[in-house]
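Heads up, there are several structures right after this.
Shared between the two complexes below is subunit A, which has subunit B as its partner in the first and subunit C in the second.
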Partner chain A sequence: MENKLERKPAVSTKLSDESFITFFMIGVLIVLFVLACFVVPNFYRTQNMINLVTNNWFYIVLGIGVSFLLITGNFDMSVGGNIALTAVLSVYFCQAATGSPNDLANGLGLPYPVAIGLALLCAMSVGALNAFFIARLKVPSIIVTLGTMMLARGTAQVVTEGAQRNTSLPDVFGMLGSMGIPGTTIKLAVLVMLALVIIALIVEKRTVFGRRIYLIGANPKAARLSGISVERYLTALYILSALLAGIAGILLASEFRSGMSGQATGYEFDALVISLLGGVSIAGGFGSVGGMFVGALILAVVKSSATGLLLSPNWQFTLKGIVTFIAIIAQRYALDKRRG
Partner chain B sequence: MALTENVLEIRDLVKDFPGVRAVNNVSFDIKRNTVHCLVGENGAGKSTLIKILTGAYMRTSGLIRLNGEEYNPHSTRDAKQKGISTLFQELNVVDQLTIEENLTLGMEDTTFGFLRHTDKINKIVGVMNSIEPSLKPRQLVSSLSVAKKQIVEIAKAVAAESNIIIMDEPTAAISESEIARLFTIIKNLRATNVTVIYISHRLDEIFEIGDYVTVMRDGMHVETKPVSQIQDRSELIKMMIGKTVFEQYTPREGHCEDTILQVKHLSNHQLSDVSFDVHAGEIAGFYGLVGAGKTELARAIYGADAYEGDILFKGKKLQLGPDKAIASGIALVPEERRSQGLFTILTIRSNVPVMNMAKISRGGFINSAMERSATLEYVQKLKIATNSIEKEAAKLSGGNQQKVVLSKCLFADADLLMLDEPTRGIDVGAKSEIYSLIRQLSKEGKTIMIFSSELPEIMNICDSIYLMYDGRLKATLRNGCDIDSEKILHIVTGGE
Partner chain C sequence: MNSQEHTDVINAKEKTLRQQFDQSAAVRSVIKQFYIYVVLALIVLVLSVVKLDQVSLFGRGSFLSPDSLINLLRSSVPILTLSAPFTLLMISGYIDLSVGSAMSLSAVVFAWLILNGFSFLPTLGLTLILGIVLGSFNGLLVMKLRITPVIATLVTLNLFKGIALLIVPNNLSAIKGSAQQPMPAWINDYGRQEVFLGLPWAFWIGVLMIIVLIIVQRRTLLGKYAAAIGGNRTAAELSGINAVKYVWVLYIVLGLCAALAGMARASYMSLGDPLSGDGMETNCIIAVLLGGTSFSGGEGSVAKTIIGALIIVCVTVGLLTVIPAYWQTVAKGTVLIVAVVLNHLLVREKVKA
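What follows is the complex of A and B.
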């Protein structure tokens, strides 16, 4: 029917702001990578490039939930604590009930599938708690999720008495973490991450659900008056974000055959930083998981080159801070300039 | 300095906005130490005039003399320093601070950044106590009623030695006894060399407190007269609406018989006991001044605000929640288009299908070809001026933005369309396009409810007219040749 229209407004071929930011950050990534290849010994090796992705899969998994929530205009700072909680609980549920006098060697002895199912449910209930306070009671998300972050990690500390649980585990417990593509360092977790990123991209770009995430972030009042149940969407997204953290927790616990209370400390900030590096706006309504993926690679290049340069961990942290800061400023500057 | 007789002289004042001349060659004088009332319908240009006086807007041309000297404020702060203070409807007090802190806000005495208690504070508190002795300086402002907060603001204005205090609808949100108290204060102010410019929609107040009244209409000055020379309300109303010939309303052929919407004893924080029926296929107009409860009524029917009472649509009781309303076949064009209707940072293509995503998706997946063609269809149908459907809604003009919001609601395929202030702040051309669209939709069998504070709009297109005042439905009229705009204005300003 389109050819019947006499004056047809063009379907623009101009790049959208979102793609612009993603390409801009890809440019930043390439520049940093080339720079690192010159400065850092052995940085150009294929194995190192693969490691950039495989060593950082968990940030990207967390980044999916965190980015979606940021696009709705909400934070989720509870994901790091939630990883520790799920990791510790999956171990505790699966440890044999030995009756040993050492509490840390004594678990519930549940079959592995039941154990991880229950641990994921616990993770999701943290998400449900976030959703209840944020979507229903309208408490600012930063406050609520900082609270549940400590609640989740605190529970993990109680269960492990502030240390870790790693004894009396059946062999099946380590399977998920040790599986991978034979002959490579690519683990199952990395494949899961890639699959999740692809699903997230499809959801974000092609589905009604994804579109509504942007609408809510762009104008929550108008979204409600347009018939979108903002409360339901936020609830679904907080539970989803918690589930993703839970999956990361299960996989990490399996890889290390251990549930550590200090697992994933500070990961919530890294997940936030890679989302911001990828152009997601904290004001809501703007950004993409694709950008977040690029952001994660930028952070990975910086971290890896800091290690390659044998910088002390203290300086690594500082360098990460400086690069993040410059990258985000540059990105906003480029966007403002483009918008005139 | 010899004081001039006129504290303020306005000459040939003009203010243009894109597409609209809001103030058109206005000239009049305000005499020293009087209460000078300013009246006119919504859109008459009062607010614009006040904003020029307070430095919020720059005039396009013309001259203002304050105490005989040219007056050209560049900010509200500047206006205040030159002697004009304003009591806005949205009060400018800080709830979390004490009365004393509010009174000295922005002019505190400090030593190395620390606040100092000085004589200045005592002097200002003295001023306040002479106005209202019951207020304690250490009281938190959040504990005060609206009327008391107004008094704090008046005290601040007096302490700043203002010549003129502008009061913008000060009685809109306060009780009868508080109004009496306010009037006493205004009379005292007049006795102590302060000129008050008083704006109100409640015409009775003009006769009680006013010395002079200036009537404005369509951005123009109609008349300035001593209040004593005006006989009664109806004379004032005649001056307000003038001899405007309304665009002829054409009565519809045939009658709308079937009731589609029944509202029974609807009450909430802003509405009291509203009951009425709307017939299928008619255009129903709800008219009232600002604060009459029109928007609240629309929001309640739409399920956006909680209420008591029953609302039946097509015989079925409506549940709370806009999603339920849309599912039953009701769509709302909200009052504030940018903050409630539009997703300004998203493209036109993302805006149009929002209320009916099922129409452009299959199994939860968006079909982008359908999305584009649907958007293009509405862009053309409503003549939205844009070179691309990928343009951000923020970049469109007001009229085109409103057309995007209308497209959104039309796309919902609703049987009942509620339009809250559908033509506010848009240019004449877009306005008439929207009117013909409304008539067209009505012909196609849609039921339309218009909530408006523009009487010509209501009289021009609505089949039945519902008059609101103070959260109540005061009268229901059928539009036709015997419709009497004076009577309507009488009712919506509180007359019986």
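What follows is the complex of A and C.
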């Protein structure tokens, strides 16, 4: 014990442990990428590298909220359900009230901006519900968010009668999803994702709010004693996470011009996995959005090479599981080595 | 004299106050002890009054007729088998979200072994060994590698499900018999064949597990240690309890029960469905919360969890009669949130008092 305390200052590099893990995972990413280039046909092409980012923007958007919450020591499993909820509701609010006998063709006929606003509000109310139970009643976050996940997805299923809504939509509905940089495959959604990541990085590193999130995660009692309202921070983070899921849901609905109740099934797990791959620790107070971004790329490389090697889609579950365990154990080992 | 009177007055006051306090605490503890039985009785009452003829499950009669009760109990075997060990694990302050996937994987392996010509005993043995391996893997991750229980078991949830999906051939949705390779008829022996009171082996073995686990919780050191570890792990370890060992054992018992539940389901359906256990972890959580086990561990009761499990089964069946299938998810989510609130009101208040 004493030995460890004495040794600690001896590692007087300027790199923080978080940056160390991020660089460690960047190294892993490069190794995996080079490996994939040799093994998987056509993996080295520029278009494929771009696709690695552009096909996974929604995980990264979700990952921002989920990582912040993980840093405070809380889970949010309701994000996938929230995507389905906002996607379906934005369609339902926007569909014209035609009065046709098919229930699924009848909406509320609201203007698109109003429809988006209301759908986002609904998503945020799910976040507020999470926050009420977790921050006020002190119920473990995993139990509450499993329940609100079912509430959100269940509502989407009720609105779509278990299927999807995609008829009598105004033309403006598909605009957000089809916009993008001309001549490339980069869509508006990808730019939104990049902007959100940059904002999140600034919030995390340069604002009081961001630094206090780490304090709450590292020691909630100390945070409370030093005058931080932990309840308020958790509430803000849960609503933020729900809002990010809502944005993803609206963009996805616009892209497909459809609100599917089965949209984003299991995305909550992927968001959690990329945060863990990026070194975010549930033990609290450790991790970064930058790391999460690297984690998302690692998962993208793994998934993409599995597809490239013509493995059946059923391999995805197993691969994700194995990669996550290896990453958690490798990160801990690397940190222990570094700390001596 | 004066001071003596004074003391008497104070004593009397204190006595009445204490009585009032005792009364409210007593009322609360009575509510806490018996509310779940009342809830179950009410649900059964409602179900037996409401007409259920239109539902195929009850096509043979009312809710309380022997046939429909047998059907109900038969379909509730997996949740009954799983929720008992799940409670013990939650009492010790740990959780296993992978129970559903472990059950699916066992069901798939069970069906695969039978389809490929294994006889009954080897199939039974291998599936149970698989359950033990899955449980010890969870225990290894959580107790030895010290990965947070929720994360470790969420990942194994996907891992086990993935393996189950990989075992099933690409063009099929489940392991089932075909014209060239028919499923032997004796696959039904465990989960469907009536052996006693119209109920199959799977049910009675589940009941046996429940009785054993109730005794374990109330009368054995393992049960006491689980509560001690859940109450305060550091204190428990300082007083010489080997937390790693005992919680690991609980994970293994849960894995074993997941294998039993998977076998029951596969044997009942005559096929190995890789999604048969989906959502079982939420069912278990709801049952445990309804039964009044505290979220953070330390106290709880296996027997009450079983009542909670029966409530879920009744509610699910009852809901199926009145609402379309696409209302199910939202209904289940609502039940979970209601269970959280009930648990908060009853368990937390008592701790405060």
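Note that the second predicted complex is superposed on the first by the 326 of 340 C-alpha atoms of A that agree within 3 Å, B and C clash if a C-alpha of one lies under 4 Å from a C-alpha of the other, contacts with A are read in each partner's own complex, and residues count from 1 in each chain.
Heads up, the rule we're going with is that contacts are C-beta pairs under 8 Å (C-beta built on N, C-alpha and C of every residue); 3 or more make two chains touch, one makes a residue touch a chain.
Computed from a predicted model, the values in this text were never measured in an experiment.
With both structures placed on the common chain, the touch criterion links A:Leu215 to subunit B but leaves subunit C unconnected.
In the superposed model, A:Arg206 lies in contact with subunit B only, and not with subunit C. Legend: residue contacts after superposition of the two complexes on their common chain; A:Ser229 is shown touching subunit B, with no touch to subunit C.
In the superposed pair of complexes, A:Thr155 makes contact with subunit C only, with no contact to subunit B. With both structures placed on the common chain, the touch criterion links A:Lys320 to subunit C but leaves subunit B unconnected. Shared-chain residue A:Tyr44: touches no atom of subunit B or subunit C. Contact comparison for subunit A: of subunit B and subunit C, C touches the greater number of residues. Contacts of A:Ile143 after superposition on the shared chain: subunit C is touched, whereas subunit B is not.
In the superposition on chain A, A:Phe23 makes contact with neither subunit B nor subunit C. On subunit A, the surface touched by subunit B in one complex and the surface touched by subunit C in the other have no residue in common. Those residues of subunit A whose C-beta lies close enough to touch subunit B in the complex are 1-2, 5, 7-12, 14, 16, 206-209, 211-212, 214-215, 218-219, 221-229, 285-286. Subunit A makes touch with subunit C in their complex at residues 75, 133, 137, 139-140, 142-144, 146-155, 157-158, 160-162, 261, 269, 272-273, 276, 282-283, 312, 314-322, 324-325, 328-329.
By the touch rule above, subunit C contacts subunit A in their complex via residues 95, 97, 141, 145, 147-148, 150-151, 154-156, 158-159, 161-163, 165-166, 168, 170, 281-282, 285, 289, 295-296, 324-334, 336-337, 340, 344. For subunit B in complex with subunit A, the residues that touch the partner chain are 302, 304, 321-323, 325-327, 332, 334, 339-347, 350, 354-355, 357, 361, 364-366, 372-373, 376, 379-380, 386-391, 408, 412.
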